[in-house]
Each structure stands twice: as structure tokens, then as C-alpha cells.
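In order of appearance the chains are A, B, C and D, and numbering begins at 1 in each one.
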Amino acid sequence: MPALVNRRSLTIEWGQCDPAGIVFYPQYLIMFDTSTSLLFARTGYTPAEMREHFGIIGMPLVEQGAKFLAPCRFDDEIVLESEVSDWGRTSFTVRHRVLKGSDLAVDAFEKRVWAAADPERPGRIKAAPIPREVMACLSDPSGATRCVS
Amino acid sequence: MPALVNRRSLTIEWGQCDPAGIVFYPQYLIMFDTSTSLLFARTGYTPAEMREHFGIIGMPLVEQGAKFLAPCRFDDEIVLESEVSDWGRTSFTVRHRVLKGSDLAVDAFEKRVWAAADPERPGRIKAAPIPREVMACLSDPSGATRCVS
Amino acid sequence: MPALVNRRSLTIEWGQCDPAGIVFYPQYLIMFDTSTSLLFARTGYTPAEMREHFGIIGMPLVEQGAKFLAPCRFDDEIVLESEVSDWGRTSFTVRHRVLKGSDLAVDAFEKRVWAAADPERPGRIKAAPIPREVMACLSDPSGATRCVS
Amino acid sequence: MPALVNRRSLTIEWGQCDPAGIVFYPQYLIMFDTSTSLLFARTGYTPAEMREHFGIIGMPLVEQGAKFLAPCRFDDEIVLESEVSDWGRTSFTVRHRVLKGSDLAVDAFEKRVWAAADPERPGRIKAAPIPREVMACLSDPSGATRCVS
């Protein structure tokens, strides 16, 4: 399935590493959370605009997983690649890969829900259908499709 | 000036330490933030009750500082002592000490404001006078004075 | 399969929560990492003693996953339950549950390797057989079996 | 006193913010730690090269302080400016400013020691004289002076 891949380069910071000198693994999940934001920013909407335009409260995580294949260390340069690997009607899966040179260091996924406020239960959320324009944009590997005209 | 001292014991966690094997210093500030919450909980109010009862939105930090005198390492047992060392009309200073055995490892302070919503500027905050009962409670070293009867 | 369950109670801290007012999910993984340490401390060995006594360099994570079933908020009291749910020869799986009252809020696992220094490749690690005494201790639900006599 | 100012732009991430929607203040200190690394990287040495070339074990923090003048929120773009504002013989002070547009949001400092291993007490550190070439490089506002030829 074609997908827009968002790539970003990072240098591992001192405070992301543990006494074994390698990245403390929850730090990867912090990076992935931001990578998902950056991937969805490729639609042309900021997070605030997305909430307002589509009437959602956010994209809460319902499940995640990661395999740690090679350690990264302080001052290592890594590349994070993120893409939606699966679209459901109201949920989707983002796949994140951490590359150190040509090595795959971490292979991970996040399953998130497209969530709106529940009109019938104040303070609660409800899964909502993902807009076609968001799916179209993030399914175009070229990055040329934009939600915002 | 007499003050109620809140003490708590913690064991340094793996993820709080850096590749040098010592606590990554912003981690101390995370501990201090919670120590301030726990000190104010000694009034008998939860954070939510305090916001509701006194009409404040919180106690935002305006200044902080810390001296690092001795390093703490993974699995070290430490004691955190926290007290209000100075009361202004609308602001106060909390002093935090990290003790490792009989050694003072970190000596720090936080200056915070007693902040309410500004009725004249929506979305902005305004310093408000600190209630006498809060000052009385946190100035009693015995801990016997409670705001909530 | 019988297992020793380590339970600990925590109160959600301000700094663990995000602008949606709920726990920022990587924070759970930080808690789980410490819960695994505390579970293995039930053997009677400190982390340093375990490294020295068994000649390991640690128990690096190779895979983890989590399902987020209900959000936790600032000042919520939670219980973390952790146990080894599966023993391999050189690896094991720790299951972590976050309970909020009687609700299961997070259901997670960590797969870790019992890792020693590789004698043939300096600076590299090698999976090693998990000692029977460690398995015996963490498989006794009563907590009465100790590695250290 | 002339100084090389290192500037970097960051966008505030979701996980850096607290339930009040503003940056959780210890997160600024995490940013400052990396900013100091990046400032010293302007010498042309990586952290590893600096340790090896100058025989130091690092630049541990002995004191820090910060004034919080305006809050930063999720998705805000900020600029961090960092420079050595004071050189002692064996210690130095780095000043960090967080700018949000033309507003100074945070004004902070770190006092650090140029630290070598203590030859007489294994496992302990000792303040060492800061090399002239490092001072020369970080005192040149143009950034043209490099330690490494």
C-alpha cells in the first residue's frame, strides 16, 4: 500500500541515554509521538487546525509495540521514518523505523484512534471516521497531495 | 521562621541516570515539582480541591535554582526535604534539599506565584494573595495545623 | 504458571501528564522499567549484586508492547502489578498491568534478555542461561523463596 | 565580553507540555543541556573527541538557575540562544535564553566545571584548567575560530 513517509534526522542526546550508555527505551516512544505529529503536519494542517477543522480532540494511542534490534548511543545520528501502514475506518497504524546508518535499530508501531468529543456523554470521546482527504494525503508517497488547498 | 518540612524517601531509578551513571540533573527538578505538590497536600486539600476552594488555577514557577554538591547514582536511597522558606503576599519560595545519608547532595529553591484567573483578561493569570490558612498550616513544624477541619 | 507478582502503588504526577490531562504514554514505560527492577529485587539481590553474582551486564529489552484501555489523570492513584509471565532459556517476558481501582488501564509486556559480556567480542553482549534460582524465586507466588539465603 | 552565540530553533512537542498546556519547566533544562553540547561542538570537537583530546571526563553541572518570564505552548516555535557568559580558570557559566518571537520566555544559566579524572583518587574527579584554545574559540562571536585545524 503506498504511503507518504516522513523522514527526520536526529542526534542522540546525553539525557536520552542511560547508565549503560544507550538510549533509554521510553525515549524512543517520545520521539515516535512527535514523529506522528510531524507526519500528520504533512497534510498542511497544524495540530490546532486539525482539531478545529475536523472537530476532533486528538488521536489517542490505543496500542503500541516496538522491537529493539540494535542500541543507539550518545551523539549517534539516526533517521526516523514514519508512515501510516494501515488505515481502518476510525483507527490507523503508524509504523516507525529508527535507522542507524543502514541498520534498522528499532521497528515500532502505534495504533491510534481518530477521536471526537462524544456529543452524548460530556467529557468522553468517541471514535470518528477518518476524513478521506487525510487518508489521500498520507497515502501519496510523493507528498504532493495536500489537504489544504 | 518555623516551617512544616515534608520528607520523602526515594530510590534513584535507572532511567533517571545518564551515561556518567549519575542522576541527569533535570530529573531532580521533576522530583522537586512533585515534592511541592506533596508539601501543599499537607494542608489537607488535594490539588483539585485547592484550585476549587481557593479559586486558583495553580502555582506557576517564576524562578528556580539549584546547587549540585554531590552526585547520586542508580539505586541510591535519598531523602527529599521540602519547606516554604519565604512567604510573600502573592508569591512564596520552596526550598528543596536532597540528602544522601548525611550528605547534602542538592540544595535548591523554587519561587512560585499563587495564581488566579484574571477576571479582566480571559485566558491570562493574575497573582492573588496567599490565604492565611495555607500559610498557617505550612508554617507549623508539627504538621498539626490543617486547613481542612 | 505460578508467578511472584510485585505490586506497588503510585500517584500520577503533574509532570507525567500531557495537555490532554492524561498520562503521556511513554511515562508508563518508565514506570514499567522500574517495576521490573523492583520485581527482580525480590530475589534479594540489588541490581549491582545481581550483575556481580551472576556475571551479567543487565537485562536489555528486545521487545515491548502495551494496550491502553483507560486513561489515568493527575493525582489518580494506580496500582502496578508485574510478574514474569514466560521464561525462555536466555530470555523472559514481564507482564505489567496498571490498575485504576478495579479497571485495567494499561496491559503491557516487556521481553528481556539475560545478558552477559561476550568473552570473544569485547564490548558486545551475549545471551546467557537464566539461573535456576532466579526462576525459582520469581515463580513462587508466596514470595517466600529467596535466592539469597 | 565577546562570545560565540549558538542559536537553534525548536518546535515545542506535545510530550514537553503539562496539563496546563505549557512547557513543563524541567523540559527546558533538558533542552539547555543539549544546547551546551551543541555550543561546545562549535569548537570542532565531538563530545567523545573532547574527552579524549583534553583528557576530561566531562563538564559536570555545579549550579543552575532559571527565570520563567512567559509560557511556551505546544507547537510554539522557539529559538534557544546559548553562550559562555563567564570564564573562570576551571569553571564557566553558560547563559541560555529562550525566545518566543521577540519575547524572552526563559533566562537561565548553568555553571559547569572542566573536570578530569583525579589521578590520586580513583573514581573521583578534579577541576582542571580550561584550555586556551577552547576559550578562544567560544569567545569569537564570528564563529571563525576553530580549535581543530
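Heads up, the rule we're going with is that a contact is a pair of C-beta atoms (placed from the backbone, for glycine too) under 8 Å apart; a residue touches a chain by one contact, two chains touch by 3 or more.
Because the structure is predicted, anything quoted here is derived from the model rather than measured.
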item: Reaching subunit C from subunit A through chains that touch each other, fewest steps; value: 1
item: Farthest-lying chain, centroid of Cα atoms versus that of subunit A; value: B
item: Magnitude of the superposing rotation for subunit B and subunit C (Cα, nearest 5°); value: 180
item: Between subunit A and subunit D, centroid-to-centroid distance (C-alpha), Å; value: 30
item: Distance from the mean Cα position of subunit D to that of subunit C, given in whole angstrom; value: 35
item: Contacts with two or more other chains, residues of subunit A listed in rising order; value: 14-15, 20, 24, 26, 30, 33, 74
item: Subunit D partner contacts - residues on subunit B that touch it in the complex; value: 20, 24-27, 29-30, 33, 57-58, 60-68, 71
item: Residue ranges of subunit C in contact with subunit B within the complex; value: 13-15, 30, 33-34, 37, 46-48, 74-75
item: Residues of subunit D that touch subunit C when the two form their complex; value: 14-15, 17-21, 24, 26, 74
